[in-house]
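Below you'll find the structure, written out as structure tokens, and then a few comments.
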């Protein structure tokens, strides 16, 4: 209970006093209720926020691609066309929900929900700020990796259930790609776990005290490489360009969600865009200092929360921008190249990084590169 | 300095690793093979040099390193049975290591020139590396058994190298002959090792020395002779075989069929020296077994006989081969007369100048493409550097003052003279001494004859002469020769050229050779005072403070009987003077015959006609061995055995057994059919009946197995549950 | 209350999924119900305070084994079979149809019954702790145990995984020169 | 908290279901699914016992090893299935009767 979002707020005396007085007034202990309420409020808030972020993602994608291709992009709905995503969303929800003949009905319905379930479950541990983290699990990082793999099952089932060749191929490609790229991702994250000695996001972030030279990306040469391994493999896990083979438009029409329409298609798309956010957020938390203000400024106070939230979102959106930028800059890979990159380059490099980090821990007593230079 | 596996083992392992690596490279990257081989031996040289410097730094006749590890330990209660392998380095080994690695390095380098273009160029280096490592392992060994192992390994390499040009039938025969002849000696050697093991319970040198000084051999008899005599004789037989002594010298001249660098390495500098080295190591045993006279006789006969044969040879390598046998005879003579120090010194000096001579001969042969001296002549104008190097070596082997041969050989002769005349032993040693001196007269003669025929005079064969190109200084052709030639000067071995201290060049170490190499019999007690240590991977620092640097003492290096300093000194002076005169006249005679043509060589040949015929047939030794012993003796014996096998054993024992078997077979046939078969059929019938029942379960369907499994568990749980 | 919500949901998910897994005719559905069952078991682990085991369960099964199974089904046709060979004479019927389902259930029931009879004695003698330990984070302790008292098993399992990896790759590799 | 017997019952039920699947199904992959269930029921027992009876974490570690073994078993098993399919063009379990008689 203390690990959930309410636990942070109960550290402050005035909230505690308020609850105590409220309890005495009602004659019923409100602490538990506070926890539950905070959790529900936090969960709803984060879900709503992320759904908006996912929606805005589509807008951002279109706008940025337009910018890169020297077009204007959406500009009719709202100022600068910013409400375009709402319009799209309404359009999708009101569309007819078509199911192809011969499709596996049960799985066809289940697949998008598995996807969205896998993605939204990760928000339970993503630290937006010191307080705004639904739960601070001891095994948060591990949990995130595990639960995110549900997306792969969803994509696969979506591809299978549609009873379409495009979908089937896309689904199989997607599943293969996701379980392959999980390995470099996991191993890269493991090097950070090795350095920090914990699986908890909060503790990892607190070990990087805000200034860039304290970030784990600059801790040693291996983590520097490790960040890029994580980021590239993360791109592949989200099926983003240049690794968007499961939905390659030119080959598979639209991949695993070819046959989906309406709200189910929307769920797939939302899951994808939010997953990009998750990958960016994880990279930021593990390598780029997370929500920390420089030098733990105002650490542990209520007033710092908006600042921390802003910093986290700023860094994450920067990576989000990079992801979209990459999509509109690089051509798509071939299927065999995809596997080659994973198994022959990223995985060995990640293993090398892990071993290198272990050696660094032993040789330099866990000191960062900066520490070695300065002291 | 620290003596651990890491500092000592590279001497032996570097060439061995080069060999192992080359085994792979010979197919993958043949171009690297020679470089790897040379690198291996040069690395060994540097490590050996380091050890040599350390020993020179201590400069004590007592200093030695003995470290070992236990290979296996089968001790059971009081019965101690351990196999220790280890390294044993004393002053002698240190000098020997330096000589072997140095000479071998130069020969390796020379081979890259000499063997260039040969079809089996890479294989040659393979053998060279293996051979070098075996030789170095032998020198490092601390016990007779590992010496024997390396000894045989060298024998194998020698076999391969002699038969290197196996397209030629003679080469194949020669390699076989060398292998088989040395085998005779090796059998005795192994017998000697066994005898020593039996008596001492160990084959370590230090243990053997300790056992000898404690009198372990006393009163032990075998076959009616004392065990010490027996063991010493057997070990010495190993020397006879390996060092080509009379009567097993026949293989060495034939061994010249091998490539010249291998002759230089194996049949001049190292392998044949290993035999002498063994005898020197086992010197206390030879002395204890009172074998000195026998050794001296064999040495003298070999020295003299080989020298006489060398006189009439026309093949340049044959001259060198017989001269090698002759010089080895001197070493053995030195051992026999107790000239321990000088014998070892001669081993070293001989290795250097004989290697140089062989390499120079190789250079000549490679240039003119013939080995026949009558076709050469006048080559000094073309092969200048070879000529210089070869003259240095010739003077050294002849025993001309200021050259190394004088220092070593004449000390042997001096000691022989002392034993023969002044020691008061009667006429026991007279004949070896006389033979030695005659040999000393013959040596300069045939060497100078070779030089005159090859390099001086007018070119005899225009074609051969023109074929030879002017020699340029090349790092892998004549630089090794010149380096070796430099070391033929006596100054490197003894500051005093007459053996008694005139010139002091190396401060107080100008007689380093004499001081360092002392007979183990003189210092036998030291092996019990200095504790043995285990061989470690690293560390292994040796405490050198307990050794005092030997001050220069006028030591004779003489270990023979009836030591009398004054008389020995006199004998040395007389011997030096006598041999100086002998050498002078010998060279003069050669010059008169072959330069000034004052005497026609044919005349003395006619005068000594019967003897020349004997020499021509190499004293009928080959005939004796092959035609008489092998063909008339062994082959006949062989045939008799074959007849017994076929006629008697086969006919009565084997065929008779067949009759017995036939009867038995009939009986067993009946039992088989009537009893066994019936019961087998019965079993089959029973099985079939049971089978049909069990078959329902063994359906091949996995799920039914599963159900049977479940049923079994259910039954078992019901059984155990209630 | 949370505990009971978690426990009942998980138990229901586990049991229901496993029953459906047995009941359904579609192999892929069966696999998805296995997924549900496994997630339910992970929930049960959580209810027992074994957070690390639960997450490992999800990671290995959901991320790996289930997708692997689905792949294998894709590659081999994805159809469930009805028995081809039926011999009435055989004492034990072949299965794959409704009748065999009944048989299988019967066998399983008998098995359960017999085991219950046997194990009841053992269970009754097991002494349950008076006070069940409260939830506490287990990662660090498990890590410590893995590299101290269970190290041999840990290393062996790494060898086993390597062997399985190599073995699977070799077995599944198509033979050269076959087929085309 | 739920008593130990609740967990044991769930575990037993899982085991029996797995066994029934193994007997009932004719598809090799389905049999593998049954095996997974059986393995999981064992692992669940371990964790439950470690919570209720021993009070230490050894049961967790056993469960982890069971998961490891299950992963290895699934990988090799599926590889064999695919190989079998390449050879026989089917994965009907009753085709695997090469060693019969």
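Here the chain labels run A, B, C and D in written order, and each chain numbers its own residues starting at 1.
Here is the rule we use: a residue touches a chain if its C-beta (ideal position, glycine included) is under 8 Å from a C-beta of that chain, and two chains touch if they have at least 3 such contacts.
These numbers were taken from a predicted model, which means no experiment stands behind them.
Asker: Which chains are shared contacts of subunit A and subunit B?
Answerer: C
Asker: Using CA atom means as chain centres, which chain is nearest the centre of all the protein shown?
Answerer: Here the chain at the core of the arrangement is B.
Asker: Which pair, B-C or B-D, has more C-beta contacts?
Answerer: Between the two chain pairs, B-C has more contacting C-beta pairs.
Asker: Provide the C-alpha centroid distance between subunit B and subunit D, rounded to the nearest whole angstrom.
Answerer: 71
Asker: With chain centres defined as C-alpha means, what is the inter-centre distance between subunit C and subunit D in Å?
Answerer: That pair's centroid distance is 4 Å.
Asker: Determine the centre-to-centre distance between subunit A and subunit D, using the mean Cα coordinates as centres, and give it in whole Å.
Answerer: The mean C-alpha positions of subunit A and subunit D differ by 33 Å.
Asker: Using the touch definition from the top, which residues of subunit C touch two or more other chains?
Answerer: 52, 56, 64, 68, 71, 94-95, 107, 111, 115
Asker: Which residue numbers or ranges of subunit B touch two or more of the other chains?
Answerer: Expected reply: 699, 701, 703, 707, 710.
Asker: Each pair of chains that touch: what are they?
Answerer: The complete list of chain pairs in contact reads A-C, B-C, B-D, C-D.
Asker: Over in the complex, which subunit D residues touch subunit B? Could you list them?
Answerer: 19, 22-23, 93-94, 96-101
Asker: Would you pull the subunit C residues touching subunit A in the complex into a rising list?
Answerer: For this pair, the touching residues of subunit C are 26, 28-29, 32, 35, 51-52, 55-56, 58-59, 62-64, 66-68, 70-71, 74, 137, 139.
Asker: Enumerate the contact residues on subunit C facing subunit B in the complex.
Answerer: 90-92, 94-95, 107, 110-111, 114-115, 117-118, 121
Asker: Residues of subunit B touching subunit C in their complex?
Answerer: Subunit B reaches subunit C through residues 696, 699, 701, 703-704, 707, 710, 713-714, 717-718, 720-722.
Asker: Which bits of subunit A are touching subunit C when the two form their complex?
Answerer: Going through subunit A, the ones touching subunit C are 104, 106-107, 110, 137-139, 142-143, 145-147, 149-150, 152-153, 156-157, 160, 168, 172, 175-176, 178-179, 182, 199.
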